[in-house]
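In the two complexes that follow, chain A is the common piece, with chain B as its partner first and chain C second.
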Partner chain A sequence: MASLPKRIIKETERLVSDPVPGITATPHEDNLRYFQVTIEGPAGSPYENGIFDLELYLPDEYPMEAPKVRFLTKIYHPNIDRLGRICLDILKTNWSPALQIRTVLLSIQALLASPNPNDPLANDVAEDWIKNEQGAKNKAREWTELYAHKKN
Partner chain B sequence: MGNTPTKLYPEGPTYNDTEFVNDADILNHKNYKNRSKNVSLANTLLNPNSNSMVGENYTNNTRQKQYSIFNKIDRDKDRKKYVKDREKLKEIHARGLVVKYDECCDGGFLAPFGCYNFDKLDYNIDIVRSLIIERKLAPFYTPLQDFDETWSREEIIKIVDGLPLHATFEENLEEFEDVPIGDLKKPNFDYLVDRSLSKREQRRQHAMIFKARLYRKRLIWQETANESFLEDKVDAKKNKIKNRYLPSDDLKYSLYKNGMECPICFLHIPGPLNYSKCCQQPICTECFVQIKRSEPHFPHEEVDPTKPITDDNSKDPNLLISEPSNCPYCATPNFSITYTPPTNRRTGIGGIPPSDYCEVAQNEIQKQEISGQEKENKETLGSPTSISASASPLSSSSSSSSGNKHKDIIISNIITSDDIRPDWEAKLKKERSRLAKRAANATAIHVSNQLVDPEYSLRQNSNTSSPAKYSVRGTNSKTKRKQLSLEELEEQMIKQAIQLSLEDQEKSKKK
Partner chain C sequence: MEGYAYEYSHDSSMDSITFSDTEYPRNSYENKNPKERGISKDKLIKNTIVDHVLTQESEFDIDDNLLYSDDEYDEDYDDPYMNSSFIEPISTIKERKGLSKGSVPNLKYECLTTQNIFENMLAKVHHLQPIFNIPPEDILILLQHYDWNEERLLEVWTDRMDDLLIEIGINPSSGNISSSINGNGQMRSISDIIENKNSYCNNQTETNKDENEEYQIPNTRTRDISFKNNFFCTICCEEKSTETFSLECNHEYCISCYRHYIEDKLYTGNIINCMGCTLALKNDDIDKIMGHPSSTKLMLSSIKSFVSKHNRNYKWCPFADCNCIIHLKDTSSLPEYSRLHYSPFVKCINLHKFCFTCGFEIHAPADCIITNEWVKKARVESENLNWVLSHTKECPKCSVNIEKDGGCNHMVCSSCKYEFCWICEGDWAPHGNSFYQCTLYKNDDNNNNNNNSTNTNSITDVNKSLKKYTFYYKMFNEHEVSAKLDWKLGQNVGNKVKELQEKLGISWIEGQFLTDSIRMLNEGRTALKWSFAVAFYSDASHNLTKIFIDNQSLLSKAVEDLSELLQIKDPEIIMKRKTDFYNKTGYVENRTFALMECGRDLLCKGICKAN
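On to the complex of A and B.
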């Protein structure tokens, strides 16, 4: 395997030395491009008090290509599908090499706070969200209760 | 074809009116992808030389077969030549990416250190080299992995002395593990391709061998350049012979002492870096040449989840777009940079020999610059022939219009991502015409299928309909069929063929 680019090493070091509140990212021992991530549900959102597991992978072309991120914890959200895939512009067409692991995870946290049902990945959830927002939010809260870790 | 028709015209073609509603139905048939292998008649249709075929001879099965064989040989030849030409260009491109220590500007080089994959270094080499020589773009520097402000002058010089010209190559890539490369000195390697494979597999193998050979060649080229760099360094030290291309200690120190971290690769690069025009953020040249337009794609739309999504395959190829790259820092469209060359050094091509650089002399250099005697500077350090040849590639760039455009940009000192990849427009057009051709091929296949096999459309539709419906149709089809005149179909095919050849001609004219 090719050696790890300096950028990835430095980003990892800085994530440890200057962590983001409510977010953790730990590289895997065998593969330093693979991170185990947790994100706290933002206060005031249906995901509040839940801690969600994610996985993040830095492809060979990183930082010219976006990291691959996926929710491992089941979540009811119009931009996240059953497989945990996330519909977020900066992970696709609006990726910029000036973004980092840190900024990506912060953006995902922000997506939990403000879902965008008009650019959906999970069509059924988005439809629910548009037609009956309160009901959808209640369901999201239920799922958080059911599947996410509890915040102590 | 699923079932090869044994008879071309069983008592004249007949069609089921319920299946065959109108022409648009045939043209928009969705299953064409699965049938793309069946293109022989489509090709005869698409080939302008085969006009006569359409009119008179298409009922003559044997002649048609002969014709398509000749066509095929021609195509094979064309393809081979095309592949060879492309491979040649790729090799020239790869040679241009070798870092040579005697091709230097202000302490940097004309080729990248190798932080990014070779596949991604698809920028126009001639343009970038000349921009660096003209001091419109920062040179490629050898980066430092780390930098510590407390390092002494001696420490910095020692570290810089140990720097290689290029990032290390992986000796044995997994990708090429079992790929034979044969004798690299011989340009022809067709003998390495397994002839027992299918044509398609042979082509794939050929491409793979070419890739593996090129990788090995690049490794050797760079190694040769490295070795001469090392040997000359040792020579200069041992025999105290000044090699004018090797940087003086003053230059090494001044370069890296005044470096900074590029916010994209996080490496320590000698300054000054390039700066984004929109938000004045630094970016090293190695990262800048990575930033390019998105690949051609259909525009992303926000959709109403309650409505069905249109499939990309049914979209108009002309809708394909490729936006100019945005600034990585502030997302301003049309990313462009400016570069102000260092005032304290002008070494290498168009400057003093790097070995002559001393910090005290910087004032003199500044004065020299003011008096604008670039010519004399050039005489001071005769540039290697390869450089002087590529120093004016702007005038030799393929189209005169793009050449002019570059001159304008160079005058204004603003370099956009498109400037170093002027082929983006051609790429977009190519992708559009590829999609259009695919759609046209599919149409031709459907028309030909109706012609030779009247039951084709029936079968196609039955695949998607329920079994119950099928059985009804199967029993009643013969009685329901209505005759569609042969003339009508002929007309349809000729129209198609003419339209396609007109489109093709127009395209080649534009080129």
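On to the complex of A and C.
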């Protein structure tokens, strides 16, 4: 396999040696550009007590191109569609090479804490969220209960 | 049916096409033989019918700066027969037909390139400079930010010029960059993130130490390249002796990272910012970093996105490898065109003719609605038939039809540059670099199955309509294939003319009758082809439809005759039969026009309609 850019090595080292609270990111042993990620649902959010699986992939052009991230655990969220794709500006047009894996994951965690139904990816969920926020949150909580790992 | 009487009356040199109100005599479109009509070569018109239509109804508004070198167009003015023999009859037709006050307004358009448009923008900058009183480069960035919309920029400018310069990243805010960024919605999140960064790099202590001073702007700082020994670049994490670049913000990165970063962004046309904050790179900075003038690429990309954002007035020429942009100055006449079932055909500087509304080739007698309906149907029903239109799809954004070339599902619309997925027709962005596969394909399949099962109320009906369609489709296809062959013929016509010149000493001008013949053949063939779409959607029991079909066969015969004539290779025989060429070409021209008008009549009367 092609040699890994220094940038990726450094980031990986630091993710292991100095992990972000509530987030784990482990590179796949066969492909060091592929990470298995878990994010804890933020306290006070409908995702609290759930642990969500994600996959993260660093494309060849990283860091000029944003990492590709996707939820593997089913989640009810207006900015995450049923395929787990995430609507987040820094993953698309507002990506900057100065951002990192760490900052991306932190942003996703922040997105769980404060969903943005006005910039939806999952339209039906967003609609639900706007019309009946409490109901939507309850459903998100149910889904967390159903699909996410339990925090012990 | 309205009861007005009308006739298609051409003068003696033209077909006499007459029929009156409720009864449509079958032979009313029938023509006398061109010889009987006494068409002499003098009476023949050099130009093709569509050119006449353009001349008549959509006269080019030629700007001073317009680079129109359309020689056939210039000929119009030199040609003494133009006014007498052809143009008149058209207006007569219009008046007598009483087709809702007859005519469509002129289409005013110009043919441009991105370079032309950019030059216009530079002129704007020049014009704005005394008002703005900032460097022209900065005005360019402002215009770029406001999609080259001068009015909008001026509005905002007077209200809040200082804020604007900071927001768009032209000026650093005094003191701390972050304060300016905080005013700007989305940007905030990034810079917050960047600022809160705990550097992943090994010289962490150093970075942390700098953290507070990092965004202080040294007044003396200039935007330039410098050489640093043992520079640690936070983008590539390499420590090396290298050239670096930084803006006033002091975010310094190695030159190779900067180049890589810019290279990727030149094609977006968006303002390129510092990798660490929102300060904008000016064209000068870009050229400095890249080591050669690269900013023009960025500017032209930005113009491209300007064109796509203004796709009501601007359309890319849909022909492959043509970079022309047609700018329709006034779109207010387009509804009138569609009301009268005319199509707004335009012609680029490379003489590519297309419909401004749908981006197709000239599709008269079909209007845009019939054309699109036909193409859609062809796509749905003829997947097993090997035909070019099954490789086209309507752009989900601007509805221009674009062609799929090869197996890649990543489609880029030739008109508005929208990127979408061939399979699901959704935005391409979330598909990424094949990291996500399109998953909507399966659903589509299911839908089709469902549709089929609900539609089978009567299998025979389905079969019947399929049979009917297959017939018209085959006819259409046949002419499509022939048109391609004719086109190849046309590619050689220049050589043929040369041969006449060399072997027989014929002047170039005199040899042009061949070029005109081949052009008319193409026009006739195309009209014939699309007439099958019209025929398919027409009420077959109606008399006018029957007349239309008679006209089809007349044109068909005329086209085949001309085509046969054009097969002649011997230059001497060609010259001997020159009169024949004139006559047959003129006949095709008249028949084409008659078919187009008859088709338009079917449409105006609602005898031909989609569904």
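Note that in this section the second predicted complex is superposed on the first by the 151 of 152 C-alpha atoms of A that agree within 3 Å, B and C clash if a C-alpha of one lies under 4 Å from a C-alpha of the other, contacts with A are read in each partner's own complex, and residues count from 1 in each chain.
One rule holds in what follows: a contact is a pair of C-beta atoms (placed from the backbone, for glycine too) under 8 Å apart; a residue touches a chain by one contact, two chains touch by 3 or more.
Nothing here was measured: the structure is a model prediction, and the numbers come from that model.
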{"item": "Partner chain(s) touched by A:Leu106 [first = chain B, second = chain C, both, neither]", "value": "second"}
{"item": "Partner chain(s) touched by A:Asn123 [first = chain B, second = chain C, both, neither]", "value": "first"}
{"item": "Touching partner for A:Ser96 - first (chain B), second (chain C), both, neither", "value": "both"}
{"item": "Chain B versus chain C as contact partner of A:Arg70, first or second or both or neither", "value": "second"}
{"item": "Interface residues of chain A shared between complexes with chain B and chain C", "value": "5-7, 10-11, 61, 63-64, 94, 96-98"}
{"item": "Complex interface listing, chain B residues touching chain A", "value": "115-117, 120, 145-146, 168, 170, 263-267, 281, 287, 290-291, 294, 297, 300, 302-306, 326, 328-329, 331"}
{"item": "Contacting residues of chain A [partner chain C, same complex]", "value": "5-7, 9-11, 13-14, 18, 57, 59, 61, 63-65, 68, 70, 83, 85, 89-90, 92, 94, 96-100, 102-103, 106-107, 121"}
{"item": "Complex contacts: residues of chain A adjacent to chain B", "value": "2-3, 5-7, 10-11, 60-61, 63-64, 78, 93-94, 96-98, 117-120, 123, 126-127, 130"}
{"item": "Residues of chain C that touch chain A when the two form their complex", "value": "186-187, 189-190, 193-194, 196-198, 200-202, 234-238, 251, 257, 260-261, 264, 273, 275-276, 429-430, 432-433, 435-436, 439"}
